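Next come two complexes, and both contain subunit A; in the first it sits with subunit B, in the second with subunit C.
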Partner chain A sequence: MNHFTRWSSGCICGLVVGVVLAWTMTGKARDARPPQDRDALVALAQLVETEHRRVDLLVKAGDRAGAIRALEQIADGAWPSEERAGEAAVWMRHDVVGRLVRLELDDTPAVPPHLEALLGRITRRLNDGGGDLPPNAFTARLAGLQGELLERAGRDQAALASYEVALDMNRLLLDALIKEDL
Partner chain B sequence: MSEPTTPPRGVIDDAWEQELTAGQEAAGEHGDLEADLAMLHLLRHARAPEVLGDEALEEVLEQLKEASAPASTAWWRRRLVRWVAVPACAGLAVVLFVRPGAEDRETVATSSAQAERAAKEAAPLAGSATTAAAPARRRATAAKPYEQQFAALERDARASLRDAVVKSRSRARHEWLASLGTHSKREPNGGTPPGRGGAR
Partner chain C sequence: MIRKHHRIMWAVVFVSGSLASCAKDSMSERTFAASDFSQRGAAGVEEGHPSVASLQNRLAAYEAQMSALGIGEDSPVVATREDVASREVKAAELDSFSDEDTASVAESTQPSRESRSRRPRVKQHSAAPSVAAPSVPGPSSMPSADTEEAAPSVAEDEGGDEESTTCTNICALADAVCGLEARICSLANKHSEEADYRALCVRAGQDCERAAVACDACSDPQGR
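Here is the complex of A and B:
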């Protein structure tokens, strides 16, 4: 076997091993389960996008109460089920509720006046999909916000449990992200 | 009146060999004449050295130059390439490819400054949803680890959402076009399917 053949076969073997390792080591968090009704997901995405832009403008204009009301309306409005519009629809709702709670918490340095209502809203959303959703950033943030609310209310043990849920989920996502970068 | 003189024969003139061969045959002998010819050439040249022509001299000098030149080294085996160019290329590759990767990994780490930068860069599903909320988010980012992590993960999460919606939209469009084609085949006049907005 001449030098060139040995060299090129070594390169090809290295390439193959690299591809296989990258494939197996990338513990990527799986994508959203596809929807049964694609039109429902597309329509929902357009609606949510428009509402987010409206909230942007309200916040920019200093109308934080109006922004919170707009987010409440969309979060409590009609929402296609996970079976119909897929997991992406649930993630979008968690994103909306997360933004809503964040705005509420930023407005009040201490315990927010609607603490129980906010906690109830978060708990309902965390139970979406039977509470068995795959790890995603929006759900993790919602769990973290739940922990922050509970912490402000002085319920430290419950807050710790919520923070644990958020951090565990984020750890998985960050691990997957780091493996993707390697 | 004197007889015209013939020019002297050259050292390597073929006539020498012909005459030697003729003399050998006359004596009834046969065999190799190379040794006799070489001796004859030597004696002839010693008596009257023959000067080479310019072309013949150039040719001999070229042959000498080629034969006496040192063996050349392939460019990739030269010392300069081996000790300067290869390490320089390796260093360049490290700067170009390895260092940015390390920076990305550091971005993923939860140092607050980098998380803030990631929050600034994060592109929301709505395009500008994070822009207005950025100051509030930065306040929260400084306070809570989960918000720092969300800032680092938000861009990928929104990209996943966007992908899911784009896939759904293109599949829906594909199915609609396919159904349109089926319907056209069924109707020879090429009508549009009901309830799908034929004016689209």
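Here is the complex of A and C:
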């Protein structure tokens, strides 16, 4: 009985430790889930890409307000669901919102008048995908921008937490890229 | 007896670890990475530098395509966009400079090089990920350009190899990480008494250093 207890406890401990080690040591990063409807993703990607190019031109022409308006319209506009167009669709929205917030912040040196609205927008988007998206540069930038906004709002502890999220995500991305480069 | 117990445990660790790794790998086979996207598609640069008017025409076409696919039937973006008239005015204003200026816009999507001494060197690599999956015009693996932030973005020209794309992305990421480090450490300076601020600043510094070294190494393969 004693022998059996030892043997089985050894097996159970080994099983648990083995699974945990293998799962954590093979990297936390996962790729995005694929879209169910590829056409929807393609249409969205074309639209977003073209809008970015238009925003490039508006910024270049000095029409920052127009650029912000264009980004707001696309960010708040129709977007295919994550289930339909995959996580890449969420990343694209994070890219749009990240660029929008960056432009807004660059426009205002101190505390933007609609800081809370911007924070709300970012927080809403960071909760896309249940807040459990695989590491990606778009979401990492959004987390960093959230930190910047919180810092401007004087909420330093919360800002630090957001910066840490961005840093963690960037670290995983860097690990993956370095591995890829070897 | 104890030694035997340990042997059993480590044998099971090995077996279950291998099985878990295999399971994880097979799960990730059906995933979809940003690098599966090609860098530029129908809206892109392959036709040269599009004017604002042509971009707006394309936008309208893509919006129609989205509508046809039933995207946004509940909250139509298409109808609430800038109205056609204001688009035409802007197009007229902007078309005059579009050709040469889109070229400089393309340059502005590269990370700027001037601000920080530890900012990694960034070569002008070509950006397009080599695509295993069918080509979808979509996001690069780095965010779109901003004007003041060092915009982590991949380069504009197509046809580059996978290695240079990876290097471009490493350097863009290094830029982002070093930018974060600057913010975190400036915040930490305001809270110099608090250990968690200092710790994150140190960690960010290490990450920045590591990313910068990786960027330098891939930008200058001779130095590897």
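By our rule, the second predicted complex is superposed on the first by the 151 of 182 C-alpha atoms of A that agree within 3 Å, B and C clash if a C-alpha of one lies under 4 Å from a C-alpha of the other, contacts with A are read in each partner's own complex, and residues count from 1 in each chain.
Rule of thumb we're sticking to: contacts are C-beta pairs under 8 Å (C-beta built on N, C-alpha and C of every residue); 3 or more make two chains touch, one makes a residue touch a chain.
The model shown is predicted, which means the values in this text are computed figures rather than measured ones.
K.L.:
Aligned on subunit A, subunit B and subunit C: do they clash or fit?
P.N.:
clash
K.L.:
Once chain A of both complexes is superposed, is A:I178 in touch with subunit B (first), subunit C (second), both, or neither?
P.N.:
In the superposition, A:I178 contacts both subunit B and subunit C.
K.L.:
For A:E164, select first, second, both or neither according to whether it touches subunit B, subunit C, the two together, or no partner.
P.N.:
A:E164: touches subunit C, not subunit B.
K.L.:
Between subunit B and subunit C, which one contacts more residues of subunit A in the superposed model?
P.N.:
Larger number of subunit A residues touched: C.
K.L.:
Taking the superposition on A as described, I'd like to know which of subunit B and subunit C A:E116 touches: first, second, both or neither.
P.N.:
neither
K.L.:
Once the shared chain is lined up, is A:G77 touching subunit B (first), subunit C (second), both, or neither of them?
P.N.:
A:G77 contacts subunit C only, not subunit B.
K.L.:
Contacts for A:D156 in the overlay, against subunit B (first) and subunit C (second): which applies, first, second, both or neither?
P.N.:
Only subunit C is touched by A:D156; subunit B is not.
K.L.:
Report for A:A140: first if it touches subunit B alone, second if subunit C alone, otherwise both or neither.
P.N.:
both
K.L.:
Pick the subunit C stretch that clashes with subunit B in the superposition, from 59-67, 95-103, 167-175 or 185-193.
P.N.:
Among 59-67, 95-103, 167-175 or 185-193, only one stretch of subunit C overlaps subunit B, namely 167-175.
K.L.:
Let me check the overlay on chain A: which residues of subunit A are in contact with subunit B and also with subunit C?
P.N.:
Of subunit A, residues 31-32, 34-35, 38-39, 41-42, 45, 48-50, 52-53, 56-57, 59-60, 86-88, 91-92, 95, 99, 102-103, 106, 136-138, 140-141, 144, 147-148, 163, 166-167, 170, 173-174, 177-178, 181 contact subunit B in one complex and subunit C in the other.
K.L.:
Which residues of subunit B touch subunit A in the complex?
P.N.:
Listed in rising order, the residues of subunit B that touch subunit A are 101, 104-105, 108, 124-129, 131-133, 136-137, 139-140, 144-147, 149-150, 152-154, 156-157, 160-161, 163-165, 167-169, 171-172, 175.
K.L.:
What does subunit C use to touch subunit A in their complex?
P.N.:
Per the touch definition, subunit C meets subunit A at residues 1, 4-6, 8-21, 24-25, 27-28, 30-34, 37, 40-44, 50, 52, 55-56, 58-59, 62-63, 65-66, 69, 71-78, 80-82, 90, 93-94, 97-98, 101-102, 104-105, 108-109, 136-139, 141-149, 152, 163, 166-167, 169-170, 172-174, 176-177, 179-180, 183-184, 187, 190-191, 196-197, 200, 203-204, 207, 210-211, 214, 218.
K.L.:
Using the touch definition from the top, list the residues of subunit A that touch subunit B in their complex.
P.N.:
31-32, 34-35, 38-39, 41-42, 45, 48-50, 52-53, 55-57, 59-60, 86-88, 91-92, 95, 99, 102-103, 105-106, 136-138, 140-141, 143-145, 147-148, 163, 166-167, 170, 173-174, 177-178, 181-182
K.L.:
State the interface residues of subunit A toward subunit C in the complex, per the touch definition above.
P.N.:
3, 6-7, 9-11, 13-15, 17-19, 21-23, 26, 30-35, 37-54, 56-61, 63, 66, 69-70, 73-74, 76-80, 86-88, 91-92, 95-96, 98-99, 102-103, 106, 136-138, 140-141, 144, 147-148, 151, 156, 159-160, 163-164, 166-167, 170-171, 173-174, 177-178, 180-181
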